[in-house]
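Some structures to go through are shown next.
The same chain A turns up in both complexes below, where it pairs with chain B and then with chain C.
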Partner chain A sequence: MIFKKSLLAAAISALVLTACGGSSSDAETPTVVETNFSFEATEMITNLTNDVIVAGYQNLNDGAADFLLATQNLVNTPTDKNLALAQQAWKDVRVPWEQGESHIFGPVDALSIDPHLDTWPLNTSDLEALLASQASFSADELKTFNDDVQGFHTMEFLLFGDGVEDNEKSIDEMTTLESEYLSAAAEVFKTYTQSLLDAWIVANDPNDANSPAYKDLLLTTNNDIYASQLGVVEELINGMIGIIDEVGNGKIAEPFGSNIDNIDTSKVESQYSWNSLADFTDNIRGVQNVYRGEFSGQADKAGIIDFVNAADADLATRVDTEIMDAIAAIEAIAGESDLPFRQAINDADARVRIQAAIDALSTLQTSFENDVLTKLQDWQQ
Partner chain B sequence: MIMFGCNSSSSDDTTKEAEQPQAAYTFVSLLGGDATAIDASDSGHGFSTPMPNLTSEELDKHLTGDTHFETAFTTAPNNEHPDLDGLGPVFNNQDCNSCHQRDGRPSTITLAAGESRVLLGSNAGIFLRMSIDDGECLAPSVENNYCKNVGVDGFGTQLFHRGVLKARDDWQENPFIGQANVYLSYEYSTVTYADGDTVTLKKPVFSIEKPYDVDVENSLNSAILQANVRYSPRNGMPIFGLGLLELISEADILALADENDSNNDGITGRPNWVFDPVKAKNNDPIPVSLGRFGWKASTPSVRVQSLEALRGDMGITNPLFPEESVLNTPLHDSYLARTGFVDTGTDEQGNTEATQQFSDEVVFYAETLAVPARRNINDESVIAGAQLFTQVNCTGCHQPDFITSTGKFFVGGLAAPEVLKGQHIYPFTDMLLHDLGEGLADNRRDFTANGQEWKTRPLWGIGLTKTVNPAAGFLHDGRAGDVEEAILWHGGEAEQSKNAYMALAEADRQSLIDFVMSL
Partner chain C sequence: MKRLFVSILVYGLCSFNNQSVAATQSELELALEKQQQQLALIEKQLATLKADSLKASENKQLNTGQDFDVKKNWQINSYGSVLYKSEDVYQNIQDTNPERRATTDLERVVLEFVYDFDPKWQVEIELEYEHGGTGSTLEYDGFEEFGEFETEVEAGGEIIVEKMQAQYIANKYFTMKMGHIFVPVGLGTDLHKPTQYVSTQRYWSEATLIPQVWHETGVNLISKWNGFTAQTLITTGLNSEFFRTYNWIATGHQRRFETVNADDLAFTLRLDYGDIKVGKGIGVSFYTGDTSGNRNNDTKVDGDGNLTIIGLHGAYSYENWLVRGQYLFGSLDDSEAITNANKTTPGLKPGNFSQLGSEAESAFVELSYNSQDLFNVSKPLYLYTIYEYANPIKKVEQGLATDRFNTQSIALGMNYYPIKNIVLKTQAAQTKHAQSNLDDSTSFSLSMGYFFSI
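Now for the complex of A and B:
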């Protein structure tokens, strides 16, 4: 009897000691290096929402209005001068659109505005059949057409021609019907840029006057779309990563091919106007706008760089430099002879510069993905 | 001192456990196991991230598939982009992304003030399935054509409401119209809680005009407007986590089936047994598989689901579906004659519009999109809601978790990626069919599924739906604007759970919603 009691007591004692030992061991664990950081994001989010994103869409809408006017002038007075002005207006409205691709979330996608404005490739088959079969075109009618005979690249084709030999269409090469189609397409285009701007500043559902302006969903979180500011900042960072990846691995690398014998000019975006390099540059300038918090040349405001700086000042500076390097590398592609991208991919010397641009974009993407994005986990809100 | 401390701690633990018994999934964050996305789970990229455990080669394949997914197809011939032509001639959308915006749900079409209806156009991520009503079909066999739906003569089993320019004979008066125009309008109703709270529900109603097979004056004679034709609206669904769902073993799914309600809980749960084109192509004597995907579990694999949509929704033929959906219909015959027999679905060498490589890459993409991680796990309301989710028996159909298969496993005829195997996943679906009542019924059979049955939708990622697409809706036709509305539409086998939810106090209802939104 005594033996049994002793055995049981010993077992209990062993269990207790084991448990206590474990607890004691935990207490002795060395302190983990502190990586958390604080950052008050409200000013940054407010600035990026109002002064970069909404301001960018305002610029797009204003550019669309200027472009529409230029096309109407071309219809009313078909001259080489008015054609050149319309071509320039197309390039001008292209700038805020391409820069806006660094934040291509929200209404631009939800309202299907992206495919309405920028569907690629163009459907030349149906476009040519339309021009051969109809006597006139109106904006209301065009709006019911498929997206691949509307938007930027349809208008580009009508303005500049097919871009194979040159990008300089003359007024003699443009039919009256083509200019009418162009102007109708520009009118449709303007209705969409207006819808996009209104979705951000008036009501995100154009058919529901009570729905909030999309900007307010970013400015005041804890809603169905952004539960906290973490979601907004993550959205902005992932938006930048998205366009860096698309430019480097898609827009540039796909036409570039694995070697000079595997190029594909048909995959060059904006190949009719030879505006590709300007497009790519503007895409990364869009990243710079969001990262710095202001458009180029404007006074310094809060941007993602300030968020990164709160976590790691060296990283913040490094990424800013890498953005500038990527822009410089893209601009360098044209070289001394100012080659358009469509021709550059078939030029041995230019290909070295193109590869440098791809590499610079890859470095930048890696920095954002591996270093910037991961800071979100350390952000103490 | 030591013994006293330990006793005290033990006592506290016991008390805490007694006070708050918690559902096993309450604090689970990685809903997709190792295939869960991090750093994308609070934003609009939540559904678009590759699984983090892919190999380098697999990631390359995934990213190539992503490019394909966003590709817009065009009318044939497109001499500048021959690899992208072959759209239609009739179709619902030109690219995958239009029905699965940012790999999620499409935008719900809304009506402007003063508008009673709107034409489905390029903005629409919804279309109509259709078939002839031929009663039940419960046991697929060669004699009954494996319970396949019977298409409408001259049309098929899907209404293609858009077309290329010259799709129809009357293309000069009706450019870019498909087999018929489809208009959307809404009927509204109100649900009232015991505490006086009200919710407005809307139900989409579709009307059809300008069917290609009759003159405008004789519209009612169209084959698609006859009394025995059944329509079912279908919205696009999120496409992340699909590979993981493919690797839930058939045995684990069937173990949850309770066709005769043996446990007497009012919930049956039935598998859909569906024709499997991959098995048929491989000359399998019984080309039938468990249905897993689609609103009524009508496709057996991601491969069939994706490539059937490529051919069906866009008119892009591929090696698994090498013939145009509208082959041998008067519309297609006249289209070919009118356009010089360019777009027959295959080129001179017999190649389909999408290659085997394109097909494999886009399927792989859909199989390897990561599941977003949960959010707000430690929020008190979310924790409380997790218990209510079990209490009102949502888990009766929304089965919380599975472990995916290990060892050799084939999906769609190919070896499954290793990254999908052996994962403890939390999709919150039993993958089975359930009668959800008359309110949600489409009254259209889909293989062995009847007109009131729907497959339990996975709930993982549902909380990010609006972040990914602020205009997205829920349920098969997007009628529910939020999770609450979706719950209120539940009927049939889910009536009990819905009523239990409605009986909760307002704060508890909110907690349950908060939990679902954390997924």
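Now for the complex of A and C:
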């Protein structure tokens, strides 16, 4: 839509310019600003597909395996140490998932992986009823349950407690049935991360072994999904816009409310583990990964920044800075007293910092929508 | 009838006159006066008779929602309703503190065309505009990726054809309906016009389990004998891809699709004694059909997904009182396999609501009273109370059946007919949730409904 609007705007400006030129005979020949640019996208798309997206899903799947192991250890040897290890493993596997939210397209959407892994809010009533009525749990059984009693947040609730007073749970507070449920949920979780990875690298249709891997659809365009590289780049930019919008206007702004009397802690994601700010930061780090073309700390590779740079070098730097500003603004919410997000929304000083983070995200979103996405129309492939 | 009566009378008077040719003037005057008195008496009796018959026909119309005095081979009927409702609503599944919201809904405007070709053949079409008439249909595109469910927004402004049937009346014992017909499971289909149900909205308990006003393509053979009516139907079945936790098999109604998959057919049997619509009848219904074959993506489920529904219903009226009730029980085979398939079918997106009840049930009982005579008002004024219960996920094959959708309600209300074609309704209701951390919630609603026939 935005793309269409810009095309229309360009067409109208061209028309106006022509009309002006025609009406006054002594006017100078209008200077047409040459905005077209060329950029060879193959290397960037290959890099983003293999080294950012697929590598991210590989990390997610490896993290899921480590987490499953940690929960199994906890079932076998229920100690505080093993509980702490499982809690850390949960936080670790959360990172590639949240970062991967900057590109929620393809199999993660088509195979409904997102709701299976990350349904929020959690249905605590049903979860507690299950724990009160069942004698044991198996992964096969758990897989048939509704999504709101499995996935990240179910496991989070079991590992960290209700998060109202603290985000710590000792092994004495965890029942055998809870750890069994946790382990079964981790097993189901692992099957979904595996399907997601397989869909990207083996066959995008789990029912058809001969279907192409989803990554090949991006790498070799001219297929049903991506007619050209333009479609791939557009998908990647829209993916980043999607998560910036979700973090700023959804994850942060919804519980934040219009004023301190209007907050809603029930909407805070990852409130049991107090991991919300890490989630939000990772979401925008995911944007940074796609924009820069590499994970933080890795050697420089081609990313969307190189595409933007070919069109407008100042813009490329400005957006990169805005991404860093947004990450910094989210991290700053915790303040000196290290407030978790669910407490920060109820703190007058922290609310000022939260508003700053929302504003930073809003600026970033505007830049992507108005300045980056519109560059697609000037791209001479 | 009046004309016939008068002509007989005039004929009688004339013959009386002929016989008294030889009578004297005074005798004649006396006889004439006597005849005039008799005439006045008869006219008075006629007037009473006419008023009685009018009242009877009006009452009948109220009960059945039909105008019977139309003597022509075509008929256009229309009915519709609009609703205002203020109720407690929950934001999401975890939310246990409801928020008060008020809504209005132009529920439906329906046009019904009936044409009698001859005494044996008739065609009936019912067109419905729901919620002001916007919508979309779904199309399954098997050539896209691994099959895609596509929303056809071009169909926006959709009109639902609820009924398109041809009826053949063989004799007074046998009638056959064919085309797009109603499936007579649940009283909601019998009592779907605003003048036929007393509550502001149609029975929610029924809608929680089965398609409300269920219509499918097929054939219905109706046999009548000594007050008994048996209906035997073969129709298109449901599609289990769209079964959901919160209303069981109701959303499996394939009306969302451009074309209806008919690989699995359903069999319905209904037996009634008396007539539910006029308030004196009792009956049972039985529905059975497979649901896996109608899936677009039909390789995902092992098993037929056989669905069985049993319904008991009855209505009894005495003087100004009317009591009606229904119990529905359903069971679904392979509910675990369907749950898993719905959860993992690409593009299907059942969200969080894929788990299905292997058993479900619902019931209602309503009592209404026409207080017209009690309060000495000139127009019908019905007072009513309704108890409703539904649990679309009573039992599951695996794990625990969530109690979130196990609810009961008690409603109290009033229907007022300013004229026989318009009904104004008001209702207050309280809903009880089986889930222990949910408090009772309340609702208040107003409704206006109309019905006419030309």
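Here is the rule we go by: the second predicted complex is superposed on the first by the 350 of 381 C-alpha atoms of A that agree within 3 Å, B and C clash if a C-alpha of one lies under 4 Å from a C-alpha of the other, contacts with A are read in each partner's own complex, and residues count from 1 in each chain.
In the analysis below, a contact is a pair of C-beta atoms (placed from the backbone, for glycine too) under 8 Å apart; a residue touches a chain by one contact, two chains touch by 3 or more.
Since this is a predicted model, take the numbers as computed values, not measurements.
After superposition on chain A, the partners chain B and chain C are seen to clash. Judged by the touch definition given at the top, the superposed model places A:260 against neither chain B nor chain C.
Contact with both chain B and chain C is seen for A:225 once the two complexes are overlaid on the shared chain.
Looking at the shared chain after the overlay, A:106 reaches chain B, while chain C stays out of its contact range.
Counting the residues of chain A that each partner touches, chain B and chain C differ, and the larger count belongs to B.
In the superposition on chain A, no contact is made by A:352 with either chain B or chain C. In the superposed pair of complexes, A:250 makes contact with chain B only, with no contact to chain C.
Once chain A of one complex is fitted onto chain A of the other, the partner contacts of A:129 extend to both chain B and chain C.
Contact with neither chain B nor chain C is seen for A:313 once the two complexes are overlaid on the shared chain. Of the candidate stretches 25-33, 43-51 or 205-213 in chain C, only 205-213 runs into chain B once the two complexes are overlaid on chain A.
Of the residues of chain A, those at positions 110-112, 115-116, 119, 121-126, 129-130, 133-134, 144-148, 204-208, 224-225, 266 touch chain B in one of the two structures and chain C in the other.
Every residue of chain A that touches chain C in the complex is listed here, in rising order: 110-112, 115-116, 119, 121-126, 129-130, 133-134, 141-148, 204-208, 211, 224-225, 266. By the touch rule above, chain C contacts chain A in their complex via residues 92-96, 144-146, 245, 299-300, 336, 339-340, 343-344, 346-355, 396-400, 402-404, 435, 437. Listed in rising order, the residues of chain A touching chain B in the complex are 16-17, 19-20, 23, 105-107, 109-112, 115-116, 119-126, 129-130, 133-134, 144-149, 204-209, 214, 217, 224-228, 230-232, 234-235, 238, 242, 249-250, 254, 266, 373-374, 376-377. Within the complex formed with chain A, the residues of chain B that make contact are 2-3, 5-6, 9, 38-40, 42-45, 63, 67, 72, 74-78, 80-81, 84-85, 94-95, 98, 101-102, 107, 110-113, 115, 119, 121-123, 162, 164-166, 172, 175-176, 375-376, 466-467, 469-472, 482, 517.
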